[in-house]
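What follows is a pair of complexes built around chain A, which joins chain B in one and chain C in the other.
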Partner chain A sequence: MTVEQFSLLWQCFAQRVRQNQGHLDDLDRAIGDGDHGTNLTRGLGNVETLWNQSPDQNLNLQALSKKVGMTLLSTVGGASGALWGSGLMKAAQVFPASSECDDETFVLWMDAFVGNIEERGKAHVGDKTMVDVMRPAVNWLKAIPQDRSLRARLHELQELVQQYSQGTKDLQARRGRASYLGARSIGHVDPGAFSSALWWECLDSVLGG
Partner chain B sequence: MIGILLVSHSKRLAEGLAELIQALAGNTLTVGTVGGQETLGVDATMVVSEFEQLKAQGCEAILVFGDLGSAFIAAETARDLFVDAGDIRVADAPFVEGSVAAAMVLATGGRIDDAIASAQEAYQIHKC
Partner chain C sequence: MKKLLDNVEQLVDDALEGLIWAFPEYLQRVPGTHVLTRKKAKAEGKVGIVSGGGSGHEPAHGGYVGYGMLDAAVAGEVFTSPTPDQILAGIRAAHHGAGVLLVIKNYTGDVMNFDIAKDLAADEGIETASVIVNDDVAVEDSLYTTGRRGIAGTVFVHKIAGALAESGVNLQAVQNGAQMVIDNVRSMGFALAPCTVPAAGKPTFTLSETEMEMGIGIHGEPGTHRQDIKPARELADFLLERISTDLKLESGSHVACLINGMGATPLIELAVLAKNVGAWLTAKQISKDVVWMGEYMTSLEMAGASVTLLRLSGELNKWLAAPCDTPALRQGVVYDR
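Up next is the complex of A and B:
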């Protein structure tokens, strides 16, 4: 992972979320307050400007992870902002303070990123949240033999990520606002899981393409 | 001095509760409020600013109460971000009953641990 790829990842994610904003709002309207797409689009729009206007182009991976995290934390709002934001800020220490890292370090960064999200949100796999996509995806990457390139592994992972995301449809929410709905939360894909799947799609297009 | 911080999706909800607390437990307590105004919702940076204000008012310790899920995520993230935090505790307790119970304990000279215990007991109180 290089600084350039990391920046492309977030720019891709901003674009994919913007394209899916209406759908994400609709998913959230079914089991929440209907603003997941709008909030994430706003926050990621601010992340995009980090590269558009900043003269400070020479940030290293560690600093970038913190900066993107702080931006999401303060501009997305709600649980998503704090989860994406503090996940990135805390995982930053896994990155070296340099312009690139090897694949193994990047997998460790992802593991820390998702670990922080789980810890902050106190969510586990099966609770119908973003963790239902994030955790199994990282675990799959860790379990597949490291002699296969990260690029190939990420590419193969895409189909599974779709299944993880769609799999939240049959779950009953145990965390977040949707949990107040009890069994009525069943039958809708979780918006946080859906947007998380877009992130993995971007990772594949940036690193696997 | 121990301050209370009420973190809500709505600033007006937090302010109403602050008013109630000061009416019931006495206005010697320092009670801060944070919450959305034009748009509902709260994020960690808003909570950090309020921590700073309470600290500037002389609070060495802050006891935080939240209304719903993401208010707690914001509060705990803010506590981690605010490095020079002093003693900040996020109470796992009902927003109204818990904060009022804690305020009564603090207003009568109780320690922060007693206030938290009393706030948590509020989960057991049946209203009718």
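Up next is the complex of A and C:
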């Protein structure tokens, strides 16, 4: 992972969320308050301007993880802002203060990122949240033999990520605002899981492309 | 969507400006933030109280900033928790040397963002404590879920914590008082018509002419179930049975009661609900020492209402009756302008 790839990852994510803003709002309207797409789009729009305003070539991976995290933390709001933002800020320490890192370190960073999200949200797999995509995806990457390139592994992962995301449809929410609906939350894909799947899609397109 | 707006993206900002213009003797804004603070700050050495959450619950939370209630209110986007940097700005503004109590409603986003803000405040050497309001009996309480929501009962927490802080007791005592309110307050609400989050432009759910949603929160989300609309008496009985069972209220108890409109309920209909709440309490031989009726914690233009009961014991009555002077709630103050 290089600084350039990392920045492309977030720009891709911003774009994909914006394209899906209406759909994410609709998913959230079914089991929440209908603003997941709006909130993420607003925050990621601010992340995009990090590069538009000052294409700072001196930023290293560690600083960039912090910077993107701080931006999301202070501009998304709600649970998503706290989870993406604080997750990135705390995971930053796993990155070296340099312009690139090896695949193994990047997987460690992802593991820490998702671990922070789980800790902050007190969510587990099966609770019908973003963790239902994030955790199994990282675990799959860790479990698959490391002699295969990260690029190949990420590419193969995409189909599974879609399954993880769609799999939240049959779950009853135990965390987050959808949990107040009880059994009525069943039958709808979790918006946080859906947006998380977009992030993995971008990871594949940036590292695999 | 029909809304009184200039620019949907500026809605919160515009509304805060309007509040300050309308209540200049009460409110001012921490520059560059969505934080409202008292125009005349509390005396040094008294505990500060900060509340907040998404916008769309007016008069909460800015309407409760003033003597005897809050020191600062932090406004997020509509129905979206404010961010930690904004909450930190509120904490700074409310800190007068004796620490700050944060009143948090039990929503995943609010809890996480306020927690992060507490960490940031600790880094600056500001002592904070927090309480989490979870008064909504519509939601099953469970260790394995997010648990119950905080809804209209929060206003009683603001009132009593605010009065305690004004009395000059320390942070621990203010926190204990707030927790005592939370332990004794329960609410439940229903919707007759949904609301539309301006940025989304569509209602969060739709109801036919004969349907209603029971067990709603304050974010336009659907409730626990949908049912045919019923007379006010049956609705009052249903809510009060749920609330009183959960509170284990017995005859002879004393309560404070809040009949809260969700934003688009005519006051005449709220009054009908109030009459039925009164009849139920009388039949159960429960005394109402205090009643508040009106719009205290709304959900944009949702039609519907919530009922809150606070079991009164110890000094709760005294703190509830203490003077306060805020844009939305004034009592026991002599007005001299």
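Here is the rule we use: the second predicted complex is superposed on the first by the 208 of 209 C-alpha atoms of A that agree within 3 Å, B and C clash if a C-alpha of one lies under 4 Å from a C-alpha of the other, contacts with A are read in each partner's own complex, and residues count from 1 in each chain.
One rule holds for everything that comes next: a residue touches a chain if its C-beta (ideal position, glycine included) is under 8 Å from a C-beta of that chain, and two chains touch if they have at least 3 such contacts.
Bear in mind the structure is a predicted one, so any value in this text is a computation, not a measurement.
K.L.:
For A:Arg174, select first, second, both or neither according to whether it touches chain B, chain C, the two together, or no partner.
P.N.:
The second partner, chain C, only.
K.L.:
Determine, for the superposed model, which of the two partners chain B and chain C contacts more residues of chain A.
P.N.:
C
K.L.:
So, does A:Ser74 touch the first partner chain B, the second partner chain C, both, or neither?
P.N.:
It touches chain B and chain C both.
K.L.:
In the overlaid three-chain picture, which partner chain does A:Gly187 touch, first (chain B) or second (chain C), both, or neither?
P.N.:
In the superposition, A:Gly187 touches no partner, neither chain B nor chain C.
K.L.:
Tell me the contact category for A:Arg120 with respect to chain B and chain C: first, second, both or neither.
P.N.:
It touches chain B and chain C both.
K.L.:
Report for A:Leu83: first if it touches chain B alone, second if chain C alone, otherwise both or neither.
P.N.:
It touches chain B and chain C both.
K.L.:
Which residues of chain A are in contact with chain B in one complex and with chain C in the other?
P.N.:
The overlap between the chain B and chain C interfaces on chain A comprises residues 73-74, 76-79, 81-83, 86, 120-121, 175-177.
K.L.:
Using the touch rule from the top, collect the residues of chain B that touch chain A in their complex.
P.N.:
That would be residues 39, 41-45, 68-70, 73-74, 76-77, 80-81 of chain B.
K.L.:
Considering the complex alone, what residue numbers of chain A touch chain B?
P.N.:
Residues of chain A touching chain B: 73-74, 76-79, 81-83, 85-86, 89-90, 120-121, 175-177.
K.L.:
Which of the residues in chain A end up touching chain C in this complex?
P.N.:
Interface residues on chain A, with respect to chain C: 25, 29, 31-35, 38-39, 42, 73-83, 86, 120-121, 174-177, 179-182, 184.
K.L.:
How about chain C: which of its residues touch chain A in the complex?
P.N.:
The touching residues are 54, 76-86, 107-109, 112-113, 115-116, 138-140, 144-146, 149, 197, 199-200, 202, 204-205, 217, 219-222, 224-225.
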